[in-house]
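As C-alpha cells, the structure follows; a few thoughts come after it.
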Amino acid sequence: MKDKYTVSPAPHLHDRTSIPNVMWNVVIALLPALAFAVYYWGWRSLWLTLIGVVAAVATEALIQYLRKVPVTVYDGSAVLTGMLLTYNISADSPWWLPIMGSVFAIAIGKQAFGGLGNNPVNPALLGRAFLLASWPSLMTGNCWIRTLPHKLSESSINGISNLSLIHANLQGVSAKAYDLVTSATPLKVAQTLRDSSFVNTITTDPATNLDISGKMFKSLFDMGTLRSLFWGNVGGCIGEVSVFALLLGAIYLLWKNIIEWRIPLFYIGTVFVLTFLFGGIEGAGPSILLPFFHIFSGGLMLGAFFMATDYTTSPLTKNGRIVFAIGCGVLTVVIRLVGGYPEGVSYSILFMNVMTPLIDKLTMPKAFGRVKK
Amino acid sequence: MRLKTFPGGVHPHDHKFYSASVPIEIQPLPARVIIPLSQHIGAPSAPIVKVGDEVLAGQKIAEAGGFVSIPQHASISGKVTKIDTFPHPSGIMATAIEITGDGKDTWVELVDDPNFLDLPTQEIKDRIAAAGICGMGGAGFPTSVKLSPPADKPIDTVILNGVECEPYLTSDHRLMLEHSEPIIHGLKILLKVLNARQGMIGIEANKPDAIALMKKLLASESNLSVVPLKLQYPQGAEKQLIYAATRRKVPAGGLPMAVGVVVQNVGTAFAIYEAVRYRKPLVERVIAVTGSVVAQPKNLKARIGTPFSELVAFCGGTSGEVGKIISGGPMMGFALPNLDAPVAKGSSGLVLLNVKEASSIAERNCLRCARCVDICPMNLLPSLIAQAVKGKDLDLALKCGLEDCMKCGSCAYVCPAHISLVQWIDTGKIRHAENLRAKK
Amino acid sequence: MSFMKELTKGLIKENPTFVIVLGMCPTLATSTSVNNAIGMGMAATFVLVCSNIMISLIKNVTPDKIRIPVYVVVIAAFVSIVDMMMAAYVPDLHKSLGLFIPLIVVNCIILGRAEAYANKNNVLNSLADGIGMGAGFTLALTVVATFREILGNGTWAGLRIMPQTYDPMLMALLAPGAFITLGTLMATINLLKEKK
Amino acid sequence: MKFYLKLGLILLAFCIVATALLAYVNSITKPKIAAIKIKEAELAREELIPNSAFEEVTVKTGKDSIVYYVARDKATKELKGYTFTAAKIGYSSNVKTMAAMDKDFRILGIKVVEQAETPGLGANCTDSTFTKKFRGLTPDQLMVDKDGGKIQSMTGATITTRAVTNSLREQIALVKKDVEAKLAALPAQEVTP
Amino acid sequence: MTLNMILVTLTASLTSQISVPVIILGAMGLVFGLILAFAAKVFAVQIDPRVEQIIGALPGANCGACGKAGCAGYADSIVHSGVEVNLCAPGGAAAASAIARIMGKESGSVTKKVAVIHCSSGGHNNTTWKYAYQGIESCVSAVNIAGGPNACSYGCIGYNDCQKACPFDAISIDANGMRCIDLEKCTGCGSCVRACPRKLIDLVPLNRNVYIKCSSQDKGPLAKQVCGSTLPCIGCGICSRKCPVQAITITNNLAAIDYAKCINCGLCATACPTGAILDLLCGTRKKAQMIDELCIGCTICAKNCPVEAISGEVKKVHKIDAEKCIGCGVCIEKCPKQAIKTAD
Amino acid sequence: MGVLGQIFVMAIGAIFIQNFVLARFLGLCPYLGVSKRLDSAFGMGMAVIFVMTMASAITFLIYKYLLVRFDIVYLSTLAFILTIAALVQFVEMVILKNAPALYKALGVYLPLITTNCAVLGVAILNITPLADGSSYNFLFATLNGFLSGVGFTFVMLAMAGIRERLALVDMPKSMHGFASGMILAGIMALAFYGFMGLKI
C-alpha cells in the first residue's frame, strides 16, 4: 500500500482530451491542404511551411524559457500558428516572410498576453495582417501566380478555364485585359471586373461594355471554374486554394468533435446568402452558382473551418458563436464587394475577434430553469 | 424510439461491469460502528445517549436537531463507547457516536403491517420521519420534509430515481433487480402521501434488465410507468431527470415541487417501504464496493456506520496499489485520505482507483474551447466562472451562474486544459457565502 | 539642488511618456521620423516652458471657477504662436506635423503640468519642470521615432542605417506600428524595472 | 454681481492679452507665410518650365473654377506651355499634383505637391522615378497600364497611380478645352496669345 | 513730427489688425466668464470637503491612470468607495501620503498593528501531510477537500492565500516555503486575516514582540503527533503560570496572549516546553544594570522582577543577577529613581 | 446620394475607416486610461459623444460667424479651446446640479474631456477642407462630431471588453497596464485595416 493516497476534488474521471491531443489533430486536418500545395506549387510551399512552423515554435520556446515558465511547445499550438500563418502567404514569398510573420504572431499576438488561451486575437491572422501592413507589395503583388504554370495547363489557369472561349466572342478585348484576368486570383478578377474603369478600357461602347464584363463575370462561376476552385486549380495562398483538401480536414475535425458546426455553418451560410443577393454586377444577374464561386474562392474555407473556429478568440457562448460567424460573413462580403482588398476573410475574422468579449457579454446564456428578468 | 434525455451532459465510460452482475451480499456485522450525527442536509442530529449506554439495533440514539433534520439509530446492538470527532465519508472530521457491538445484533421490536397502504397519511409520514430516512441518492435531504410540501404546491408526479448515472456504481441497479417489489410499494406509499396522480421510475438505458423487470411489474398499473432514459451523465440529477421525464423545467434556485414533482432515489423508496410496513429505521443500505483495485467488487448490504476498511476486507482486500479512495461515485464523490470513514445513509459506493487512474494532469490556461459551456447541463459558463473566481471578481462569477451550478463535474470532465473547474466554482461558492455572511 | 532635481526628473524618473503616460496622441502621431519627433518635442517644450512660467506667475490671480479656461487660453496662445512661427520659418516641418501642432493645446502633458506643478510652485521651479518635462517628452519621442524610422524606412534622421537591400517593415510607420512599438518599449521598461 | 463681473473680467483680461499677442505675431508671420506659399508655387512652376514668366488664368466652369498658368519665355515672351494643379483622392488622402505641359499638351513634367499616402507605397509617388514616367506623354496615353495606358503603376499602389494619372488627364482635358476655346475665339493673327 | 506720423500710421494699422480680434475674443472671454460665474452660483452643489481636499492633493492631470474618471472621480472613489490612496501615477508617493493624511485623520492616533501568523508549520519540510493533494493551489480551495491536506486540522496549509491577498507585498516566502511578514511593509490592512481559511492570522500591535506560533486546539498528544514543525501548543499552561502580568490564558488547549497586558518580557517563550512561543526580541534584550549611586533600596524592583534576579536588603543598594536577568525591563519601568538602565 | 446616404457614409467612415483613436491618433489618453472596465468606458464614451457633438456645433458657428467673418482664423485654436473648456465646465455644473444620477454615470468623465484632444481635433477637422476640397456645413459638422464620438466609444467598448477579459488571466507582469493597452490598440488598429479603401 502507498503511504499517502491521492486526494483531489471531484470529478475523479477525465475525458481523454488534452490540449496536445486537440492541437495535433488540427495539424493533421491541415495536412491534406499542404499536400495539395506541394502538388501545385512544388516543394517550396513545404519548405516555407516548415520555416514558419520552426520560427513559431522557436519563438514560443524562447519566450517561455526567458519568462521562466514551463515550455509547452510540444502541445502543438505554436506549430498550428506557424502553419496557418504560412498557409496565408504566397508560395512565392521570400524565405524570411514566414519567419517575420511567425515571430510577430507568437511574440506580440500570443506570448505577450501570457500564451495559450490568453491571446485576444488569432495570432496567425494577426501575423498575416502584420505582413500585409509591412510588406504589402510581397503580400499583394503578382507573385501569387508565377509559380503556377509549370503544373497547370494554360486553359485552366486561375480557374478561368473557359475564358478563352468567351475571349473568342469578345470583339475588341485587348490582349492586355486578357492577361490581367489570367494573372490573378479569382477574387482579384472579380474585383477588377466590378471596377468600371477597367471595362472602360476594353471598349468605349457602353452597350458592349456591359455585355463583355457581364460575360467575363459569368465565366467566373460556371461549372468549369467551380470545378477548378474545388480542386484548387487556382492562384492563391499556400493553404487556401483547394476546397477539397480543406473540406477533408474539416470533416475530420467535425467528426473528432474538435470544432463545432455553428461557426463554419453560419459563416459560410452568411457569405452564401449575401453573395447570392448582392454578388452580381450589372450585366451578370444573380445565379445560384455565384455564391458557390464566393464560398469556394479565397480563404473562406480555410478561415471558416480553421481560423474562425480558433477556440481562444471566438465567443464562448453558443449564441455568441452564431453572432460571431454572421459578423464574419457580413464583413467578408462587404470587404470583397466594396472593400479595398479583393479578399476579406482574414480581416473580418480579426475584427470579430476584437468584438468577441463584447459578444460574449451580450449573449450570456441564462441558466437552466432561469427566466430572463 | 428516441430515448428521453436532457440538454448538455457527457458520456463517461460507465465502468459498471465490475459489479453490475454481482448480487447483493450481506456485509458481516462490524465490531463497531461510527454513526455520524450529520448524514444529511440540515441541522445535525442531537445525541440522546451517553458514553456507556447500552443500545439495541434500531434504537434511536440521536434526535432530529431541527425541522430539517433526522433522528439517528443504532445500527448494531452494543455499547456507546465514544461521542467525538471521527472521519466522515465526505472526507472531513465530524462528530459521531461510536458503538462497540456485542455481536448479538439484538433488535428493537419491529411490527408488520401488511396493509400499510391503508394507514392514514399522517401515520405514514410519522413512521418515515421516525425511521430517520434521508435521501439515499446523494444529496441526503430529509425525506419527511420532502413529503410535506406546502399546500399551495400540489404534487402530481413522483419520480423514482433509478438512473444511477455515476460511473462504477451499481447499488441502485442491484436493488431494483433484487428488491423490485418493495421499491414499487415504496413508490405507491409516496404517491399516497403526496396525493400524486402518477409515478415514474427513471432508469438509464445501460440497465436493460432493470427496465424490463420494472416494466413487467408495472404493466398492470395504469398510473405507474418506467421511463427509459438515454445514457448521459448527469441524467440522475434531479432537475435533469425531471426535464427528461416530464419536460418540466425546475426554476433556478427552486425545488422540484415548484413544478409539482417529487424525486426520490429507489433506495429511499425501499427504505420508506421498510419503515412504513415494519417501522424499521434506516440502519443499513446497499453500497457498491468497486473499482479496478478491489479484489472482488461487490454490492454489499451494510450497516450504517461500518468502517470502509471492513467493506474492503470483505471484498477480498485490494488487488494492486490503490491510488485514490472515493466515497460515492467518481464524478461527484469525495476522495478520502484513508479507509477509516464509515458507511453513511447516503453512501452509494466506495470506489478504489489504481495509481494510474488517480493521477491527474496539471492545470493549464483555459483555451476558451467552450467544451464546458457546451455540455454544462445547467447552461452555465463554467470556464468564465472559474476565471472570475480566480481573478477575484465574484460579481462576474455570479452573473455567469455561480449559484446555479450543481457541481455535477461534467465541465471538469471534458476540459482539455484539465482545469479544476468544479473546485474553482466551489471556492467561489465559499467566498460568496462568506461575503453574504459578512454583509449580514 | 532642488532646481536640478526638478530639471532632471522628467527625463527618466517621471518621464511624461513612459512613466506618466500622458500626451500619447502627438507621441504616436509624430514619431514616424526622428526629425518630426524632435520638431514636435521642441515645439511642445517651448509651449510647456512658457505656459509653466506664465501659470506659476498668474496662479494667484485666477479664481478657481475659471482656472481651466484661463490656463487653456494661456496655453492656446503659446501654441498658436508656435504654430504661426513654424509655418513662417520651418514650413516643411510645419507641414509634416500638421494637425498636431494646434493639438499641443490639449496635449495632456501641458495642462497636466500646469495643474499639477506650475499651479503650486514658484516660477523658477516651474521653469525647471517645464524644461525637464519637455526634454523628457522629446527624448521619449525620439526613442520611439528611432525604432519606427529605422524599421519602417531603414534610416535614422534621414541617414541610411539599414543596408539598401533591407525591405522596410512599413507597419512601423503606420498606426498599428506606432502603438506596438510604444507598447513593446513600455513592456521592456517594465521588465528592466522588475529586474532591478 | 461683483463676483460675476470679476470672473468675466479676469477671463476677458486674459483673452485680450492673449489675443493681442497673437494678433501681433500674426501680423508679422502672415505676410511671411503667404510669401512662402507663393514662392513655393513659383519655385515649383519654375522647376517644371524654367526661365518663364507665368500668367494666371482663372476659368469658371459651372460652380467651380479651374486655375492654370500660361508660361512664356522670360526673354522672348514665346508661349512655352501651361502649368496647373490637379487633385484626386488616392488610397488614403487627396493627392495633389502640379504639372506642366507644352503647347501641344504633352507633359513636360509633374510634381506631386501634396499627399499623405502610405509611406513606402503610395508615398513613393513623389519620387522622381515615378514622376519621370510622365514626361512626354499625351493626354490619351495618360492612363495606368492596367487600364490600357502608358503609366506603369507603382508596386502595390495602383490606386495612388490612378489618382495621379486620372487627375492629370481630367485636368488637362479641362485646360485644353479652355485654351482651345480661347484660341478659337481669338482673331487669326493672335494665334500665339 | 515724422516720428509722430509713423506712430500714428503704425497704431492705426495695428489697431485695425489687433483691435478687432481683441474685441471679439475679449467678448468671448467675458461672456464665458460670466456664464461660468453664473453657473457656479446657480448650480452650486455641496460636496464632501474631503473630496475637494483630495482633488487639491492630486496633480489634476486627469490622466485616468488611476482607472477612475479623472482626478475628481478618483477623489470621489477614495472618499465614498474606500478605494486605495496610492493609485495616482503622476502624483506618486507624495500624493498618496497627502491623501492618506486627509483620509486618515480619525485613525491617525491608533497604534500601528501588523499581521502575525499563529502557526509554525506550513513549509516544505515542516508539515505533516495527510494525503497527496492534487488540485488548486489555494488554501481556501484545499481546505475544502477532505479537510485540508495537512495532518493538523488547525495548521497552515501553505498555499499562500495570505501572500496573494496582501496588497502591499508585505508577505514573502522564504527558502523553506514559510511565509515571512515584513513588518515595515505591513500596513495592518487585514487582507491576509480575511484570506486565511484557517484563521491563523491576527493583527498585533507593532510594539508587541512575543507571539504564540500555534493555533491548534487539539489535545496535547494529538497536537504533537500531527504538528509538522514539532512546535505545537499543547495547552500545558506553563506559560500562563510564568507570565508575570497574567497576560496568557488557555482556552481549548491553546494559549492566547492578551496584548493589552503583555509587557514583551519573553518569559513565556523561555518557559514553553515545546517552543510554541516566538519571542522576536530573544537574545537581543539588553540586561538590566543597576546604577548603584541612584539606588535607594526601595525593593520595588526586586518585588517586580519576574525571575527573581534582583536581590538586596531594604535601604541597601540592590544587585541584579546577570545570569538570571532576562532583560524584560520590568524593573526599569518600576524603579521610582530611574536607577536601573539597560546594559550596553 | 441623398442626405441619408451621405450620413451613412460618414458614419462608416468615422467609425470604421478613419476612426479617431485608431487611425487619427486622437483621444488616446482617455482611450488607454479609462478602458479598463466596460462601465466606465461606456460612461466616458457617452460623455465624449455629448461633448463632441456640442463642441462641433458651437465651434463651427463661432468659426463661421466670427472668425471667418472678421478674418481672424488664426485665432481658431484659441477660440475653440476656450469654448470647449468653458462648455465642458458649464455642462458639468449643470448636470451635477440638475441630474445627479446622470452625473454619476457620465458627469464624472466630463473634466477628463477638456484635455481630450479628440474634441479639439474634431473642431479643427470640421473646418479643414475635405479631401475633395469641399467642406462641411453646420449640420454635417455637428454630425461629424457626433459620429466621431460614436467611433471613439465603439473602440473604447471593444478595448474595455478585451481588457476585462485579460484582467482575469495572468499576463506577464511587464505587460500590465499601459504596455498591454498599447499593444492591444495596435492589434485593434491592424484589425481595422480591413475597412481601409472601402468604396461606399
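Each chain gets a letter, A, B, C, D, E and F, in the order it is written, and its residues are counted from 1.
Note that contacts are C-beta pairs under 8 Å (C-beta built on N, C-alpha and C of every residue); 3 or more make two chains touch, one makes a residue touch a chain.
Just so you know, these numbers come straight off a predicted model, no measurement behind them.
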Where subunit E and subunit F overlap in contact partners, by chain label: A, B, C, D
Two chains sharing the most contacts, counting C-beta pairs only: A-B
Label of the chain whose CA centroid is most distant from the centroid of subunit C: B
Taking each chain's C-alpha mean as its centre, the one farthest from subunit D: B
Gap in Å, rounded to a whole number, between the CA centres of subunit F and subunit B: 60
Cα-centroid distance, subunit C relative to subunit F, in whole angstrom: 21
Centre-of-Cα separation between subunit D and subunit C, whole angstrom: 33
Multi-partner residues of subunit C (each touching 2 or more other chains): 21-22, 65-66, 69, 73, 76-77, 80, 84, 108, 111-112, 170-171, 174, 176-177, 180, 184, 187
Junction residues of subunit F - those touching two or more other chains: 29, 32-33, 72, 74-75, 78, 82, 86, 89, 114-115, 169, 172, 175, 180, 183-184, 186-187, 190, 193, 196-197
Residues within subunit A bordering two or more other chains: 5-9, 108, 112, 114, 117-118, 130, 133, 136, 340, 360
Contact graph of the chains (line, ring, star, complete, other): other
Every chain pair meeting the contact rule: A-B, A-C, A-D, A-E, A-F, B-E, B-F, C-D, C-E, C-F, D-E, D-F, E-F
Residues of subunit A defined as touching subunit E within the complex: 4-9
Of subunit E, residues touching subunit D in the complex: 14, 17-18, 21-22, 24-34, 36-38, 40-41
Residues of subunit E that touch subunit C when the two form their complex: 29, 32-33, 36-37, 40, 59-63, 65, 89-92
Touching residues on subunit B, where the partner in the complex is subunit A: 7-8, 10, 12, 91, 167, 239, 243, 249-252, 254, 318, 321-326, 330-338, 351, 353, 355, 357-361, 364-371, 373-374, 377-381, 383-384, 399-401, 404, 407, 409-410, 412-418, 420, 422-423, 426
Subunit D to subunit E touching residues, read off their complex: 3-16, 18-20, 22-24, 26-27
